[in-house]
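For reference, chains read A, B and C in written order, and residue numbers begin at 1 within each chain.
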Amino acid sequence: MALVTLADVVAALGGDLHGDPATAISKIGPLEAADSATLSFLANPRYRAQLPVSLAGCVIVAPEFAELAAARGAAIITPDPYLYFARLTQWWVSRTRPVVPASIHPSAVIDASALLAEGVDVGPLAVIEADVMIGAGARIGAHCVLERNAVVGAGSRLAARVTLGHDCRIGERCIVHSGVVIGADGFGFAPTQGRWEKIEQLGAVVIGNDVEIGANTCIDRGALGDTVLEDGVKLDNLIQIGHNVHVGAHTAMAGCAGIAGSATIGAHCTVGGGAIILGHLSLVDHVHVSAATVISRSINKPGQYSGVFPFDENSNWEKNAATLRQLHAMRDRLRALEKKI
Amino acid sequence: MALVTLADVVAALGGDLHGDPATAISKIGPLEAADSATLSFLANPRYRAQLPVSLAGCVIVAPEFAELAAARGAAIITPDPYLYFARLTQWWVSRTRPVVPASIHPSAVIDASALLAEGVDVGPLAVIEADVMIGAGARIGAHCVLERNAVVGAGSRLAARVTLGHDCRIGERCIVHSGVVIGADGFGFAPTQGRWEKIEQLGAVVIGNDVEIGANTCIDRGALGDTVLEDGVKLDNLIQIGHNVHVGAHTAMAGCAGIAGSATIGAHCTVGGGAIILGHLSLVDHVHVSAATVISRSINKPGQYSGVFPFDENSNWEKNAATLRQLHAMRDRLRALEKKI
Amino acid sequence: MALVTLADVVAALGGDLHGDPATAISKIGPLEAADSATLSFLANPRYRAQLPVSLAGCVIVAPEFAELAAARGAAIITPDPYLYFARLTQWWVSRTRPVVPASIHPSAVIDASALLAEGVDVGPLAVIEADVMIGAGARIGAHCVLERNAVVGAGSRLAARVTLGHDCRIGERCIVHSGVVIGADGFGFAPTQGRWEKIEQLGAVVIGNDVEIGANTCIDRGALGDTVLEDGVKLDNLIQIGHNVHVGAHTAMAGCAGIAGSATIGAHCTVGGGAIILGHLSLVDHVHVSAATVISRSINKPGQYSGVFPFDENSNWEKNAATLRQLHAMRDRLRALEKKI
């Protein structure tokens, strides 16, 4: 790992340094696993007990912990240590990860009609079909497939093995991880005489700027209009976004979430891991859905919503689950008792 | 978009046209977002209030809404507007999507022993191993991998990046979306002294005709016999089909569903998004499983089955969930009270 | 299928043969679908009724069923028939599946700095970046992408279309199925003024020996330290393993499970299909999580844990689910009644 000094860190990222600017740092790490060459941070006050005993060479803390931190050694004081940590990781990567100069790998299969702006990088064996447009500085990973008329905005990065369907558009500075499929057909069929008649999906997928999409996540194209992810949306791995879904700006979803077709999710929402949102529902801005919760009706009020069966030792769960099948009858019995008394 | 007239539409798809056959249509769209060049439809009577106020150039409706529709402008009357709409999308695509003539891309890696029928299209960088057979007019997308002895029926379409395992077979006119893995090993191990001994999976996957499989869905090969999807099955994205599962004809499953090994699902069933069906169970024909429901026993009677914790504001949910752990004890207390009185 | 004799089987795998060693066997199959050329087994005593009526040419049974088995024909007696069956499938595959001699396909794109040990096989169109190391006899499938500095241990097999991220390591004798993504970025962001600031993920993924990973499963790289799967872990398809998760040795997880970031799962655990384990939790060794259960607190005691809403006919479920929202109030009413009496 590269060696830096605390002086380098605050020169790049600001903050109020208490301690020797010449202190050398070789890694970033959590308080409990730090040594004297580690730059650590206290973001969650819950972990404050770790601070006095940490061996970290320097600790990033909020002003309220400045005294406690200074008592043990070097510290960087900043209003939001977690944000500082995020920017520190970015700065760290910019210093330590090898930057391969942009180039078009000769094994890529690129249609002559595709338009690649300045500084575009195309990895080995990528396929870029007719009329694709790629903005300046975008990086297309190995084995990506960009179908005809797809658009990738400037500065976006597609990891290896991403499929971007025909006519679909990704904004600027997006990050798309390996295995993502954007623009497969939405799931639409008309039932007829016991069979399913396919509804061809005529829309596309439109993704804003600064969106990140996790590995093997799928975003289907719209049936008539488009499926839309607004600016700043963050999706984790293995998420399903159905056709015509609209996800508002800066909404984040954890892994394995599923959003059924035509749902409208507001801005600044969070959806926990494994949560399911049924189709044709609306969630207003600032709705937070707990992990593994199933949203079966629209939500018109910001807040936290949950619905998970509490886990228990199997034998206890079995008893309670069996009784749950009688719950409505129990309510009636309770009512009858109340009347009697 | 291509311009067509209402005369063109009814010439191709039938229906009883009320209004000027020369009316030009440039797109298909929902009632509430239509303009005078939009051909729209009313499939669900729930949306009937949108009909009189829609600006659509023409509306596809059932006979019961013929009068209401005619009062506002042009209409196509047909017994099943949703089916008509489905066929309209198919006709629309056949007119508007560019058809690339079938060819074998020179970058594809094709074993000399593979048999490709007439009119087969193989995309860039696809890999086709020994003894593969591909039926007439099938299209194999970029980066697909067809392992030895795999079979793709006539007219089937594999999108980019599909894996079809050795000895696995897909029927005719199937559609397989990007990232699908057919024929990975089923999950089978024998426990021995705290470790897991692999059970090699000796079966394959057999898929009927007119099956559609969504992006990143996985269908494992059988342990001894085969995993089977009968004709007309429709699977959405990110679905897991375990080894030796048998899915009956024309059954449809929504995204993120999981079917554990050796389950037998009947014909004409539907499985909602995120539902889980445990292993070694049987579901008869015409069973409908609600989204996110866990099926833990076989179902011998057609019908709709559900099992989801109802979501609530987090604070309410917390109280009810905590109390749920005491439910069996509550039942005993209720009984005791009943006896006393 | 290859013909073998029972003498061949016991010569290779041991066991006590009752019956004619010259009996020819052409396949392995379940009791209920066997014919006279089938070698079958009785592993679960629940299926003992199938034994006397099976047409199998030979049956593998435990000593307790030796007499019952001998009464109907040939039998192999062994203490653990299921383990015997597992080894039989392995032996069968070694005899019947074509072994393609290891080679480096000329279409693969391999950086000159990559180190490939003896007997490494690289499939068509695989991409192997700088400083990758591949151990002896490892097989890298078609279209795999091994990013810079990745390591694959001796004897491991990567199916087609696997992504192994930069600096990530796989041990020896591992099996990785198609579509797996190892080493995508963990899902980490710092909130700031309504937006999300990316936390670059500085760790990697470290996978032990004898690990198997199912199709389209994702294992994210650590934020600061590494995400770790210890020896002998078995993961099914479509599983999400978040950043900094630690999975103990010989733990197995079924399809669609999701493990959120920084969870620590002990050794010899099992996680059922679709189960969710929230972040920053610890599960001790020998914890068994039932399918579709959500683990929301750490578990300090070995055992089986469950938490699933029992499914029911939809109309029954609706009544019970609606009443469940009043459960806490019901408890209060019950208390009030108890006090009155």
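Quick note on the criterion: contacts are C-beta pairs under 8 Å (C-beta built on N, C-alpha and C of every residue); 3 or more make two chains touch, one makes a residue touch a chain.
Model, not experiment: these values are computed from the prediction.
Chemist: Regarding the chain B and chain C pair, does the interface count as same (over half of residue numbers shared) or different (under half shared)?
Modeler: Shared-number fraction below one half, so different.
Chemist: Rounded to the nearest 5 degrees, how far is chain A rotated relative to chain C when their C-alpha atoms are superposed?
Modeler: Rotation angle, to the nearest 5: 120 degrees.
Chemist: Between chain B and chain C, what is the gap in Å from one C-alpha centre to the other?
Modeler: Result: the chain centres lie 26 Å from each other.
Chemist: Which residues does chain B have that touch at least 2 chains other than itself?
Modeler: 125, 143, 161, 179, 216, 238, 256, 274, 308-310, 312, 322, 324, 326-327, 330, 334, 337, 341
Chemist: Which positions of chain C touch chain A when the two form their complex?
Modeler: 109, 125, 127, 143, 145, 147-148, 161, 163, 165, 179, 181, 184-185, 187-190, 192, 194-202, 216, 218, 220, 223-225, 238, 240, 242, 256, 258, 260, 274, 276, 278, 289-290, 293-296, 303-310, 312, 316, 319-320, 322-324, 326-327, 330, 333-334, 337, 340-341
Chemist: Give the list of chain A residues in touch with chain C in this complex.
Modeler: Those residues of chain A that touch chain C are 28-30, 33, 80, 82-83, 85-87, 89-90, 92-93, 98, 105, 107, 123-125, 141-143, 159-161, 175, 177-179, 210, 212, 214-216, 232, 234, 236-238, 250, 252, 254-256, 268, 273-274, 291-292, 308-314, 317-318, 321-322, 324-328, 330-331, 334, 337-338, 341.
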